[in-house]
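Please see the structure below; I have some questions.
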Amino acid sequence: MINLETHSIEFSTKGNTQLVDITKKVQDILNHSEFKEGNVTLFAVGSTTGLSTVEYEPGLVHHDVAEMYHKIAPYGFSYHHNQTWGDDNGAAHLRSTLTGSSLVIPFQHQKLILGTWQQIIFIDFDTRPRSRKVIVQILGKK
Amino acid sequence: MINLETHSIEFSTKGNTQLVDITKKVQDILNHSEFKEGNVTLFAVGSTTGLSTVEYEPGLVHHDVAEMYHKIAPYGFSYHHNQTWGDDNGAAHLRSTLTGSSLVIPFQHQKLILGTWQQIIFIDFDTRPRSRKVIVQILGKK
Amino acid sequence: MINLETHSIEFSTKGNTQLVDITKKVQDILNHSEFKEGNVTLFAVGSTTGLSTVEYEPGLVHHDVAEMYHKIAPYGFSYHHNQTWGDDNGAAHLRSTLTGSSLVIPFQHQKLILGTWQQIIFIDFDTRPRSRKVIVQILGKK
């Protein structure tokens, strides 16, 4: 029979397009549940965040991803958003729009189906340290 | 017990990267249902659309988002797509590819889990006014 | 009553931002199932892939999509990722980050709800031919 449970992960970030590997935390929630087959809906709460399944590798994580987003929506630019609120995170909203904040990942035998080099990555695009929450909702057969 | 209902939202747009805040309409469907905990799958019907959770704020909505997409895939450029069909919306398809047309948002206590500044945004990338439909499918516990 | 089945599609690609129309294969799985209403979660296994619902039209498929990604994350550039592993697919990871690897599509009367010009497209961003797998998980009422 199909059932559903809603969990969440909370953590701190430094912002500025920091990538956080949350794969283990999501798999741990699954390990402590009794679900065998189904899917996990991940949802990043906040409009300056993103979820992706890029490889968590130092070159990408510390350089390439940030440099790509810099080309598309640079930090420090005078966005209209910044003029409305007097803040400076217009770039973060734009990067979030392109990246997306929800992700659905299937699992079988209580294990997330991911490629060998595929991790679940939370990206904090904001321009300052933040406390973040990702909803982890499991739907499936026990 | 888990149940499922399929609803939809219909509205008109002006196209040209118009952003439409559909948060209230989705929450209203949830309010009129008996679902307490679960998720809502949103799917934008059409290949020149996008769904996002950007903040619905005038600076972003009327300027910054359109300017970012203009850098990536400008309107008015001579795309191969335009030569195939004799139309002019190649840029709209490209913008849609990057943005994505499905979104899954969890809810608890009959309320969508969204950040304070996080709205559900439909983007119409097409180059002319359109009638649009977004599927709103609820899955969860009553 | 709600039930769930996990299937998969396997195929070969040439890489280099090749677009593959997998709509028929997904609909076929649905045709052979007994599900009437629900949704299909698609998940591309691998971190150099993407899923989209762009129109499968020659101009977009053979030219425009690749040209857009070339502007954002060109092949052949000296990414930090390439220095870590001695490989050359940094661009593929970046393109995947923007595009996303999961997609949820609702269906009714055993038929995927898609626009007239909207197909389900797998994109292989890697720089060499690959064998690929897409998970097709059906959740719904029989």
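Going in written order, the chains are labelled A, B and C, and every chain counts its residues from 1.
Convention: a residue touches a chain if its C-beta (ideal position, glycine included) is under 8 Å from a C-beta of that chain, and two chains touch if they have at least 3 such contacts.
All figures in this text were calculated on a predicted structure; none of them were measured in a lab.
Trainee: Same residues or different residues: which describes how subunit A and subunit B meet, taking over half shared numbers as same?
Mentor: different
Trainee: Quick check for you: after a Cα superposition of subunit A on subunit C, what is the rotation angle, between 0 and 180°, in steps of 5?
Mentor: So the angle, rounded to a multiple of 5, is 120 degrees.
Trainee: Would you mind pulling out the distance in Å between where the CA atoms of subunit A average out and where those of subunit B do?
Mentor: A distance of 19 Å separates the two centres.
Trainee: Going by the contact rule already set, what residues in subunit C reach two or more other chains?
Mentor: In subunit C, 1-2, 72, 98, 100, 104, 139 touch at least two other chains.
Trainee: Which residues of subunit A touch subunit C in their complex?
Mentor: So the residues of subunit A touching subunit C come out as 1-2, 37-39, 52-55, 57-60, 62-65, 68, 71-72, 98-100, 103-106, 108, 113-115, 117-119, 139-141.
Trainee: Which residues of subunit C touch subunit A in the complex?
Mentor: 1-4, 6, 41, 43, 45-47, 72-73, 79-85, 90, 93-94, 96-98, 100-102, 104, 135, 137, 139
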